[in-house]
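One chain, chain A, links the two complexes that follow: it is found with chain B in the first and with chain C in the second.
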Partner chain A sequence: MQSLKKYTILVVDDDETLRNAIAFDFKRKGFTVLVSESGAKAFELVKANKIDLVISDIRMPGGDGLSLLEQIRAYNPGIPAVIFVTGFADTTEESCLAKGAKKVIAKPFDRKHLMTTVLEVLNISHDTAAQ
Partner chain B sequence: MSPRHCKPETYERRISEVFSDRYVNRVKKTDRLFGFLLLFQWILGIVFAVAVSPRTWSGEYSETHVHIYAAILIGGLLASLPIYCILKKPGATLNRMIVAVSQISFSVLFIHLTGGRIETHFHVFGSLAFLASYRDVRVVLIATAITAIDHLMRGFFWPQSVYGVLTATPWRALEHAAWVAFEDLILIYSIKLALAELRFTSESHVRLEDKSEQLSDERNQVKLLLDIAVIANESQTPDEGMKQALRLVCQHSRWPAGRAYVASGNDSSALTPMGFWHLPESERFQAYRGPLNEGNPSRPTIGLAGQVLKTGNPIWIEDAAQDQSFLVRGLSDALVIRSAFAFPIVAFGKTVAVLEFISDEVINKDNALFSTASHIGRQVGQVFERKKANDDLRRAHDEIVQFNHSLEEKVDARTKALKESQQMVLSQQQTLLASAKMSALGEMAGEIAHEINTPLASIHTLSSQIEEVVKDDPLDRNLISNMASQVVTTSDRIAKIVQGLRIFSRDGSNDSFSAVDVKKLVDETLSFCHERFKSNGTKVQVSELEPSIRFDGRSIDISQVLLNLLNNAHDAIADLEEKWIKISVTEKENQIQIRVTDSGPGIPPEVRKKIFQPFFTTKGIGKGTGMGLSISLGLVRSHGGELKIDPECENTSFIICLPKIQPNKTRATAA
Partner chain C sequence: MIETEERKFLHDIASPVGTAIFVLDMVLDSMKNRPNANPDELAQAQQVFDVLGQIKKKIEERRQILIQQGVPSSKTS
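And now, the complex of A and B:
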């Protein structure tokens, strides 16, 4: 548990229910979790804290996921991000990856798949995570 | 005054004829007069002889005087021959010569019988004067010659017989001769005067005759022209007109036969003989029939008719035998053509036909007819012109009738086509309505997906977490309860969105009208595009709505209209700094007004005019169908309402006006 505490994950979604549900899972796993309702506020948190990974929705009022990606890349290319996409009209997976997303996950997603993906991106072994 | 009507030689001949007629007439009268005079003189001679010396004594015998016998015999001889001649052949030239000899012989006889009495010498003068009434100098000269011979002979051999004396001086004869010569001079002069007068009166007579003939000719021409004018008016066809003209010209002139040619060919340079003639019944003209009576094919402009066609002027050939330039060709050998006359029928300013007249006798040029020909030609030409005018009129009429007929057909066809295209438009409108809905659905697919996928992700995550946390020990009931209630709330959200999809999922046009809650309608519609406005930061402000506001209508239709207005507003202000949309609902008597105002700068008047037209769009290619507002207007109107732009508003403001109560709740759509 101790080992995952050093990882800080930022969850960005305008939907409070989903945002809190995702945060619940990662806190329960042992991560340090920060949440934000918009891209603009999330970037403030990126600047103010040492963030290891960002999980962000694409569509949000007050700064969307893609803008946030660009800002993070400009600020610190080392911070990986997992991006959610929703409908057909959304920005494609390819364009998200092109802008620096590590992984793209379509909503609705399986929370276990999200967890696996985050652990993969952070290079954390399941064994370590299971502790 | 020179004679105008006939030729000078004819004129002179005519004068001579009249002159000699009159002269002979006069001579006949004079002959008759002398007949009686000679008879009377014979009797008178006998009476004188008997009265003066009936008997003569020869010794003692008294016997009838030899003079009596002389008077009877010689007088009878002198009188009988001229009387015989006069009776036999009155007026003959020889008569008056014989009469002259006889009459002057009576004078000689009387002189002899009276023994040269001077009174009887006067008989000579009387005789000469009487003979002068013959108006023939020769007669006077013969009489003079005889009396002169008699005087000379008897004066020489038997002077007593002449002068009543036994001896006479030669001066006596000379005196008598001088008297006679004097009288002759007077008589010859008066004869000349009388003859000149007779000639003058003859000439006057001929001139008057000529004049009256001319007048009669002119009257004839006038009559001809009048008749031609009548037939030109009455003839229905050019053929009939030409036939009648041929007949009339022949009737009014000496031309026995006539025929017609019609100009033919592309440039009217050829002539086609017509199949009709005007011919007299007389046998000798029947030869004109036959070869030329056929309707020959057109021929080039040769012959008389051809020349007329070429020149456009009448031509008169007095004697074809002496005029080789115009042969009237192809005529029968049986009948020689001596004279010919042709003139053009003029219509539309050109020669359209030629009338030709022919004769087997010489016909002298009739100037009156010749100059009338051009008038006749124009008159008959009017039949051609009228025929063409009639034909044109008929054709025009036929065309109009035809046109009317085809017009009716066209109108029928158009009406049918119009009905069909109306049907097509109706079905196309239905299709368009559907496709416009589909297009709007496409536009919003992303929002719908996001709108549903996010709560779905929440439900999925929460349920999965519940599944996990129920295994926790100790069991955190509050946590589970909280999660479960979040699942319920989130499910409700999805249900609400799915309900909003009705707008696209169903065709509401056949729904019956029902009471629609405006607040609910606005909320439902907004919930559907809530995500969209949220995503680009558009503030949506809805004025406080009383839940009681309702209207009769189809909620799906009006919801679609409202959604369309909201989408338009969204697109219009997407690039603006200030993004807001205000929705307000007002109630006004029997009407409710739903107003959608956005932060846009308003719609320019030129766009405003066209904005409700189908396929009009200001959005980029592929973004708008141009059908949204047009369909919206149709939907609102099907409710008996109106969709309009508020021109007063400085922003963009659309107003949906709807009657609260529908007079007929099952009203059909106007679309």
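And now, the complex of A and C:
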């Protein structure tokens, strides 16, 4: 549990219920978690904290996920991002990957798939995560 | 990109369905770990989870059909 605390994950989604649920799940796993309801506020957190990974929705009022990806890439391209899309709106998986997203997950998604994806992006073994 | 009524509808329901699945999955895990878990309540919660899984599958299937038809034109949008 202690070994995961050094990883800080920023969860960005305007859906408060989902945002808090994801945050709770990753905190319970042992990660340090920050949350934001918009891309603009998220970027302020990126600048003010050492963030190891960003999980972000794509469509949000007050700064969307694509703008956030662009800002992160310009500020620190070493911060990986996992992006949620629905598969039915304007933003494509390809455009997210082109903007620097490490992984793109379609909503509705499986909770365990999100956890597996995050562990994979952060190069954390399942054994470490299970401790 | 053209946004059809169907795509807008599917977009609008994909997020809340995803949220419901995520939260209920957490609740189920919590219930399963309780030593005094009520098996009937657990079974009912599991049934709701399975139904949400069916909705999720329908959304995914429809997404694939729309992708194959070129609406939307990209793999995931």
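Note that in this section the second predicted complex is superposed on the first by the 129 of 131 C-alpha atoms of A that agree within 3 Å, B and C clash if a C-alpha of one lies under 4 Å from a C-alpha of the other, contacts with A are read in each partner's own complex, and residues count from 1 in each chain.
One rule holds in what follows: a contact is a pair of C-beta atoms (placed from the backbone, for glycine too) under 8 Å apart; a residue touches a chain by one contact, two chains touch by 3 or more.
Bear in mind that the values here come from a model prediction, so they are computed numbers and not experimental data.
Look at A:D25: by the touch rule set out above, it reaches both chain B and chain C. By the document's definition of touching, of the two partners only chain C reaches A:T92; chain B does not.
In the superposition on chain A, no contact is made by A:I79 with either chain B or chain C. Contacts of A:D64 after superposition on the shared chain: chain B is touched, whereas chain C is not. Contact with neither chain B nor chain C is seen for A:I51 once the two complexes are overlaid on the shared chain. Applying the stated contact rule after C-alpha superposition, one finds that A:V104 touches chain C and leaves chain B untouched.
After overlaying the two complexes on the shared chain, residue contacts for A:D15 are found with chain B and with chain C alike. With the contact threshold set out at the top, residues 15, 17-18, 21-22, 24-25, 57, 84, 86-90, 106-112 of chain A are in contact with chain B in one structure and with chain C in the other. Against chain A, in their complex, chain B makes its touches with residues 445-450, 453-462, 464-465, 483, 486, 489-490, 531, 534-537. Residue ranges on chain C touching chain A, taken from their complex, read 1, 3, 7-8, 10-11, 14-19, 21-23, 25-26, 52, 55-56, 59-60, 63, 66-67, 72, 74-77. Against chain B, in their complex, chain A makes its touches with residues 13-15, 17-18, 21-22, 24-25, 57, 59-62, 64, 84, 86-90, 106-112. For chain A in complex with chain C, the residues that touch the partner chain are 15, 17-18, 21-22, 24-25, 57, 84-95, 104, 106-112, 114.
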